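To keep things simple, chains are lettered A, B, C and D as they appear, and every chain counts its residues starting from 1.
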């Protein structure tokens, strides 16, 4: 059994330019993640690709599939790549169903294919957090912050605004920051 | 007071091409780190630039400067960017002097300026580890592994070889991997 | 007087990701071009930004503005960055109005901000062509080909298909290739 | 027969980082060139890899091999990737031996693997020049300038300085610029 289950649901993190359509699109593969994970020689992980949607298009039936995948997995450490717009909604959905695992949701404001640095920083920070005996719960990891979903949600001065529109590069914050 | 002290000692992580000399060199600045940290909007940190050497050139008087900086710092969480060749030697030096802080050493096999992904992955993973209430000790964070220096050192099947020459991209490993 | 007039009309070449909107957009600046031209230390040129549109949105009144700018310019060598979808239409428009200059249209299938190589290769190839005493006429420069607009147009086996949809990375070709 | 012969002799243009040695080295392949040429779908060319040296290490026996390759080639259009430090010396060597072809030498101040833009801009500009019915002769193409070797040499205010040391990013210039 691998130590960490990485679930790739799509979102901006994964988007790539399709030169035939002239548009960015969410691929069904994990090329962006593989470009990071190829350097994690010592990491014991597996990747599952599901949903592959912009998070604005994720619906509750998608979230049920996600929850079922997590519940049935043998791993206790779950790292989810998810679009930023409804990350809090998915976190809320999961927190009621799964209490015996550490689930960290991460993502990016800019696709890895356009600027690899932000996406990689968020993902690798989330991974480092999971490597250090995390407590069970549902966490959001973005932009130098890893906190229980609940704490980010309740003190969401900036985050909530960002969630409603797509306002700011600074999406995730807890009270007092 | 900032939460995390980042100490940049140089090493491959920071190297940049000097087109006048036609060589890579360790700069005295932290441009590589700043290119990552600019996305950590919510992180409370400060950076100190010291030593700025390839780690093969680091001597014990450099390590004394480093230890003194850590001891006198108000922070309990210390993240050190350090060349990979003598990272274990510096870790051993620090472990005898400082026992009340969590010190994580990271670095890269390829300069951030040539391939940003590996350097960023190592650094951001190390940072994520520090964000999760780490125990005191001296850790090495590279390539998907964050472990007490001691454990990596004692089971150094791959690492030791790599330390003596510059043999492999897979430098850091613990027993059984 | 500068030797070469570079007219930037927008198109895929210039597109950048707007993380607030979550979309690629044509900027009104020339940052993509400046990232190339900063290495052309010995080149005598000036840039004019006009239109800034995806070429599917360019209309004949835009083309009149473009033609007027070229006609009134003191330069004989004109390099136009233009979206690929209607490049031939703009070329046809210009060829009837301006006969005493060498006009080269170039562009890209993928934005410079996503993959700099194709955009730079097209632009720099077009520029190199202009540096070599070109004959008057209207040329298209893409993907290793620089030909009079007319020749590309008449033998447009691949190009025409590409122009109607956005079918292929190989857009520009002359007969027999 | 292919229209253009590209001869890759090595130089900074091609250098890549060897993480085992911790150094940049001139490879024996043409990966840097292939990363550009893959977008020149319509170009009729072949590549020959020879010498693979930093140009400071190129000796007259290397230049004889180069001249013989050019002389025996069926192509009239020759594009040479060459280190910048002795590009003028190689040009002078060739100009006495070959008078019935158009030979353009190009290169880069920074390896394509570190910053692709300058290397690509020089190469693609040189290629564009060759596509436009060039006169026979030996030319140097760098930084927005394509001129007969002779003209660059005679008016070498900046170039000569650069040739002796490795002084400046602005290496190539003709009189009056």
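One rule holds for everything that comes next: a contact is a pair of C-beta atoms (placed from the backbone, for glycine too) under 8 Å apart; a residue touches a chain by one contact, two chains touch by 3 or more.
If you're wondering where the values come from, they're calculated on a predicted model, not measured in any experiment.
When chain centres are set by their Cα atoms, the one at the greatest distance from chain B is C. Between chain A and chain C, the centres computed from C-alpha atoms are 39 Å apart. If you average the Cα atoms of chain C and of chain D, the two centres end up 26 Å apart.
The mean-CA centres of chain B and chain C are about 46 angstrom from one another, to the nearest whole unit. Of all residues in chain D, those touching 2 or more other chains are 169, listed in ascending order. Of all possible chain pairs, the ones that touch are A-B, A-C, B-D, C-D. Those residues of chain A lying in contact with chain B across their complex are 35-37, 39-44, 116-118, 120-134, 141-146, 169-170, 172-174, 177. Here chain B touches chain D in the complex through residues 12, 17, 19-24, 54, 109-111, 113-115, 165-169, going by the rule given at the top.
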